[in-house]
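Per-chain residue numbering starts at 1, and chain names A, B and C are given in the order in which the chains are listed.
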Amino acid sequence: MVQAIEAKALTRVFGNKKGKGPLIALENVDLNVAEGELFGLLGPNGAGKTTFIKILATLLLPSFGEVKVLGHDVVLEAQKIRPRINMVSGGETSGYGLLTVKENLWMFSQFYGIPGKEAKRRIDEMLATFGLEDKANAKVRTISTGQRQKMNVVRGFVTDPDLIFLDEPTLGLDVNASIAIRNYIRHWVKDTTGKTVLLTTHYMAEADFLCDRVAIIDQGRILACDTPANLRRSVRRASIFTLATTPFDGITGLGGLPGVSGFESTTSEGRVEMRFSLEDESVIADIVSFVTARRAKVLSVSKGEPTLEDVFIQLVGRALG
Amino acid sequence: MRDELRTFRYAAWLGWQMEANWTQPWFFLIYTVAKPIAGTLILVVMYLVVQSSVLNDPTFFAYMYVGNAFYMYVAQVLFGIVMVIHEDREHYQTLKQIYIAPISFYTYIIGRATCKIVLTTIAIFITLVFGVQALDLSLDLGQVDWGLLAISMLLGLLCICMIGIALAGISFLTARHGMGINEGIAGMFYLFCGVVFPITVLPGWGQAVGHVIPITYWLEIVRRALLPGMDISSVSGLQDYSSTEIFVLLAVSSALFLVLSIGIFRYADHLARKKGKLDMTTTY
Amino acid sequence: MIDWKLNYRALLGRAYPRIIGASREPSWMLFDIVLPLLGIAAFIYYYRAMGAPEVFTGFVVLGGVMTAFWLNVLWSMATQFYWEKETGNLQLYMLAPMSRMAVLGGMAVGGIFFTTIRAASTFILGFLVFGVQLQVSNLGGLVATFCLTLFALYGMGMMFSSLYMLYGRGAWHLSNLLQEPIYLVSGIYFPVKQLGFWTALTASVIPITLGLDAMRQLMFASPSVQGFLPVEVEALVLAALAVLFLIGARYSLRYMEYLGKREGRLTMRWQ
């Protein structure tokens, strides 16, 4: 199978910070992404996702290891990679405020040598797809954050890359816009041949919906890499319970109870929502005892199917973000 | 008052960070010194090309040298203030957060400009020392009228800051044209205020403009304070005015500029809010 | 293998915002043309106050014309990568397959439009207001020298811009630092020969030095011109500098990009 991305023992170290020593942003990362795959990369802030993408996008050199993108080495053959890739980041502020949406998109298309007429056709088509046609002639500095992010997404796809890096592409977008973009991404990969996407996101549902495979990264290391279904199955041996109670003291003690492998909680308006990953279902009884001993009332208890978020909590030990 | 002082203090601190934390102290010192000295030397070489020696016309040379040295305040403070607006707005994109904070924006601007004033003072000192040591500038510290110098410096710097505030307001509305604004605005004062040549050389209307701008009187009084042994007024053409009269003219014109500057700032601020320009990006 | 079509399109693409920006933000006409003329006028009056020969007015006007191009090279091209880095455009430029020189060339071409207007305004001011007297001895030579100076100057600017791949504010401050010293050693407003042979020779590596000196010799027939070297020699040196700087720019851009990627500073903001 043709690999779009091949990383072998990839390590990236950033120089010594004053008094803190070198920062190892990526450590011995081995990862392959096949051509035609929609691959997700999940991890908390500072996990190394953007560093990884920058190396693949030829913006950063690896410190050690070998990385190939579309069959070409990122260090020695960057010029062969660039015509075939593109990148979109969440919250991007690229472009020029004085230019219109269309002009900005045209300008970036010229950096890839796309003939004028073809560029115009693609831009018009994509603006219509993303519901931006009425903003085509609006100056970029006048459009909203969400509209700007849509424009960024169009910029990424208008060059028709073989591999696109999407670093939180739906950041700042409303629900409808996010759905439109996800559907477009899915369609772009699945209905055309030879197209690959590497996506990073904080929205678990997005990764679950879109990705053929997902890798979970934390502190520069890949903790797991598999299809979302297999990853969810891997935590099935743990039981997932959701418990709602009135507020009480000593809530952090729940994480340390025997048999609790994952725990997170949120508090709002006189209600505490807790989510547990338990090694055995019977542990729930201990949890309820713990709660009631602290004079809290149990408002609801439910058992759930593991989600990617549960996988994440179990592997990383904490929630995303 | 405490809030104002706190705003001023932290704005000054921020100004210092922006100016200095990009390099090692020794290089920063070179940077602070080399630029003004080079600027001054351009004029010195131009003088020597025509006059061959400083001693041929020491009064004119002193007039030019001191005027150019203190003009650095005008150039650097105005430049610094314009950059505060443009950089905060387009580069760091923090202008809107600072703008809506419960602080006096005037105090913030003056705080940010303070660092420029301090650094420029060092540069001027070095320039004057260089002039005395290397170029036979006739400046005798024992003869300087320190009292007159101090009070005129205070008023002059206040006036420059006021002009800066007007410029800050105008900057809300203008695109970031690189160094153009700085060069342009400073050039206006350079031409009309008798910085390196007496305004009597200008046509009548040019002299009339110069007589309205407080910088003209400020430079005159600084020269008289620093060079009391020289007949500077015969060069500047202001020999008919006593130092007291010059000072009064400085005070009156500064007061007028204060009112004008605040008016310009408030109007520009209103326009910027009306047109939504406070967070515009214009770089191209 | 250079993809000339791609780089040509990229050059046009990057020139476009400059040209359109100038028409959409017309305030540059005041700040970049009208007001700088006041600075030029100040230097003219400075010379006049000293009783300098009238040809020095011409020196200032010519210096003002070339200053427009020098500032375009320094601030609108060389330092532009700094602004692009801060706004997030630089990483998209580095990601794209076009040549970095094509992007810089686009900035230069786009900036030439209002730079030429500024230069022409300065020239006209010199003629109409200050009565500059020209005695052009070789118009073809003058145009050729001017063009060679611009090529070499823009090549130097491209080399300088490579610093911004690695550095941020430091490089910007370096640009700021160099502005006046370069005015001084290149003899913007006076014959560079006045600085002494060795200073003038060292300064000749800056294209504007020999360019101005040659143009003064070709435009003004006055003993005050004091040419440093014969015009033909200066033109040859400028041609050599143009080639060297453009080739040097190619390698320095590549090398600095490599360093920036190695140290992770290529896309680092607020350095």
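In the analysis below, a contact is a pair of C-beta atoms (placed from the backbone, for glycine too) under 8 Å apart; a residue touches a chain by one contact, two chains touch by 3 or more.
Owing to the predicted nature of the structure, the values given are computational and were not obtained by experimental measurement.
Legend note: the chain whose CA centroid lies nearest the centroid of all displayed protein CA atoms is C. Looking at which of A-C and B-C shares more C-beta pairs in contact, the answer is the pair B-C.
Taking the mean Cα position of each chain as its centre, A sits at the greatest distance from chain C. Computed from the mean C-alpha positions, the centre of chain A lies at a distance of 51 Å from the centre of chain B. Rounded to whole angstrom units, the spacing between the C-alpha centres of chain A and chain C is 45. With each centre defined as the average position of its C-alpha atoms, the distance from chain B to chain C rounds to 27 Å.
Across the assembly, chain C contributes residues 17, 20-21, 25, 87 that each touch 2 or more other chains. The residues of chain B that reach two or more other chains are 175, 281-284, listed in rising order. In chain A, the positions touching at least two other chains are 93, 96, 98-99. In the complex of the two chains, the chain C residues touching chain B come out as 17-18, 20-21, 25, 27-28, 30-32, 34-43, 45-52, 56, 71, 75-76, 83, 86-87, 168-170, 173, 176-177, 179-181, 183-184, 188-191, 194-195, 270-271.
Within the complex formed with chain A, the chain C residues making contact are 3, 5-6, 9-10, 12-14, 16-17, 20-21, 24-25, 87-89, 91-98, 103, 258, 261-264, 266-267. Per the touch definition, chain B reaches chain A in the complex via residues 93, 175, 276, 280-284.
Within the complex, the chain A residues that touch chain B are 93, 96-99, 141-142.
If you check the complex, the residues on chain A that touch chain C are 12, 14-15, 54, 57-61, 79, 82-83, 85-87, 89, 92-96, 98-99, 103, 106-114, 155.
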